[in-house]
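Presented below are the structures under discussion, each in the form of structure tokens.
Both of the next two complexes hold chain A, though its partner changes from chain B to chain C.
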Partner chain A sequence: MTDGVPTWEEIARDHGRFLYAVAYRLAGNAEDAQDLVQDALLRIRRGLETYRPGSLQGWLARIVTNVFLDDVRRRRRRPTVALPPDHEHRLPPAAAADAASEALSEEVQRALDSLPPDFRVAVVLCDVADLGYDEIAGQLGVPVGTVRSRIHRGRRMLREMLSGAET
Partner chain B sequence: MTRDVAGDGRFDGRDDLPAGLAGEEVVSAYLDGEATEAERRELEARVAASGDWREALARTAAARRAVRSAPWPEVPSGFWAAVTEAVEADAGSRGRSGSGIAGSPTAAHVRRPVARRAAVWAAGAAAAAVVAGFLLPRPSQPVSPSVPSYVESHAARASIDDPITQLAPVGVPVSLSP
Partner chain C sequence: MDCDDAIHKIYGFLDGELTVWRRREILRHLDECPPCAQGYDFEMELRQVIAMKCRDEVPPELKRRIAEALGYTSPEA
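Moving on, here comes the complex of A and B:
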């Protein structure tokens, strides 16, 4: 680390799980999350010169969110037919994964996946990345009132999904 | 559904859902510590006086807690080795000064292989584990943390700084059931 600016290896080591968690909650599956993290780390490595010491996790969350939103826009512009699952690329689940917490996580993930991307991003930045409304608004380039609206409406959709899953 | 009058993802603040309450967005702001002092006072008065508002607060708090307390997904084994290889390959192809933006041909070139590389790393690790299983005595210690302690620690962490607990005297049991 020099002048408070970490190297990308330090970021991958110290904040890798955070990056992966945000990416997974946004993307909804392991393979897309891995792509998001890889693209984010490429941008991080190239953008470290522009990083100014401050909210490192906020900066990381912004980069991974931008990669996600770029991907969403790209898919909207060029809709593609889904390829058949490639089992060669599937990764085995972590050996120590706890079944109960994994089931809870999957249930929440399914509910998050059902949200429109703009709402999902707002909820994930608030509840996974733990950013404040002002920071989220700055990152997304929208007014704070819009952030407040997206977070609450996103949560209302979530609670309806989770209520349905529970009954 | 909520009205999206301009069709641009922005909303007019009104709500058609039978369970919806005008101005209900303040509930999330309150839970996140983002409500103004006046909003906070008004919401607490409404919650004290109205079952609908108590239910809106409780159910929103439950949805918020569900996302916050859900365990982070496990990173697949071998992933970091694979992504390090990909990022270093990108750096090597650009020189150590590294410039340009993601989405460039170089970035596209290194995309996707990460899952395959990680699978190879994982397969190698799995093979090593099988060999080790034959050669080494089996571990007798239980996996740590145990499920009960894990669940308990999550529950405790989720309840810390949760503003809804401060409304316990006027609150309703939190449940995701309708």
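Moving on, here comes the complex of A and C:
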């Protein structure tokens, strides 16, 4: 990274993990998350010339988010069979290593999956990508008040789902 | 600050969106109010669990696909 604009190779090498972290929380499973990252990397390669030095992670997070939202819209148009609830059991056995936190994490992921996509995106950009409300608003092109309300309502819904699951 | 007010502002607090002065007000309320403090702990933990996947490793399959893509760096039409 010389003049503040990284090369595509640098992004793929150094930020693959960040892209994957955001993609996983949005997609809800490893398989779709990998596809999201791959599509995002293609878009990043095409879009790199329009990137202005600034919040690189914000920009990367927006691209993954857009790939995800495009995917959601496509699926909505095409009537598909919903994934079976035990879809994530196809994950590699490595996940068993940290079983307790993994189980908790899966429960949270299921709750995230059931949020409306716009809410999920706002919560994930905040918690996983660690972006501020104004940054999220800028990346999504919506007012800060909308971002705030989506994050707060999304979190309240998560809280209700998760505390309901405990009892 | 009362409980309604504290709960209302807790997400902004967690996300670092509040002024120093508001943060201090909330902290004071959490010190004095066990139910709100408990709610705060839950939200804090939830936030951490959501962010947890960041510490996960990228699956080898994706690493392979990225490496493969790096081999063909000519932009597609």
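In this text, the second predicted complex is superposed on the first by the 150 of 167 C-alpha atoms of A that agree within 3 Å, B and C clash if a C-alpha of one lies under 4 Å from a C-alpha of the other, contacts with A are read in each partner's own complex, and residues count from 1 in each chain.
In the analysis below, a contact is a pair of C-beta atoms (placed from the backbone, for glycine too) under 8 Å apart; a residue touches a chain by one contact, two chains touch by 3 or more.
This one's a predicted model, so the numbers in the text were calculated from it and none came from an experiment.
Asker: If chain A is used to align the two complexes, do chain B and chain C fit next to each other or clash?
Answerer: clash
Asker: Could you look at A:24 and tell me whether it touches chain B, chain C, both or neither (first, second, both, neither)?
Answerer: Both partners, chain B and chain C.
Asker: Given the superposition on chain A, which partner contacts more residues in chain A: chain B or chain C?
Answerer: B
Asker: According to the stated criteria, A:146 is in contact with first (chain B), second (chain C), both, or neither; which is it?
Answerer: first
Asker: Of the partners chain B and chain C, which touch A:5 in the superposed model: first, second, both, neither?
Answerer: In the superposed model, A:5 contacts neither chain B nor chain C.
Asker: Of the two partner chains, chain B (first) and chain C (second), which one does A:67 touch, if any: first, second, both, or neither?
Answerer: first
Asker: In the superposed arrangement, which partner chain does A:56 touch: chain B (first), chain C (second), both, or neither?
Answerer: Neither chain B nor chain C is touched by A:56.
Asker: Once the complexes are superposed, what residues of chain A are shared between the chain B interface and the chain C interface?
Answerer: 8-9, 12, 16-17, 20-21, 24-25, 30, 34, 37-38, 41-42, 45-46, 92, 101, 104-105, 108, 112, 123-124, 126-128, 132-133, 148, 151-152, 155, 158-159, 162-163
Asker: Under the stated contact criterion, what part of chain B meets chain A in this complex?
Answerer: 2, 9-11, 13, 17, 20, 24-25, 27-29, 32, 34, 59-60, 62-64, 66-68, 70-80, 83-84, 86-87, 90-91, 98-103, 107, 110-112, 114-116, 118-119, 122, 126, 143, 147, 150-151, 154, 176-178
Asker: Okay, in this complex, where on chain A does chain C touch?
Answerer: Residues in contact with chain C: 8-9, 12-13, 16-18, 20-21, 24-25, 30, 34, 37-38, 41-42, 45-46, 92, 101, 104-105, 108, 112, 123-124, 126-128, 130, 132-133, 148, 151-152, 155, 158-159, 162-163.
Asker: Using the touch definition up top, name the residues of chain A that touch chain B in the complex.
Answerer: It comes out as residues 8-9, 12, 16-17, 20-21, 24-25, 30-31, 33-35, 37-39, 41-43, 45-46, 67, 70, 88-98, 100-102, 104-105, 108-109, 111-112, 116, 118, 123-124, 126-128, 132-133, 146, 148-153, 155-156, 158-159, 162-163, 166-167.
Asker: How about chain C: which of its residues touch chain A in the complex?
Answerer: 11-12, 15-17, 42-43, 46-47, 49-54, 56-59, 61-63, 65-66, 69-70, 73, 75-76
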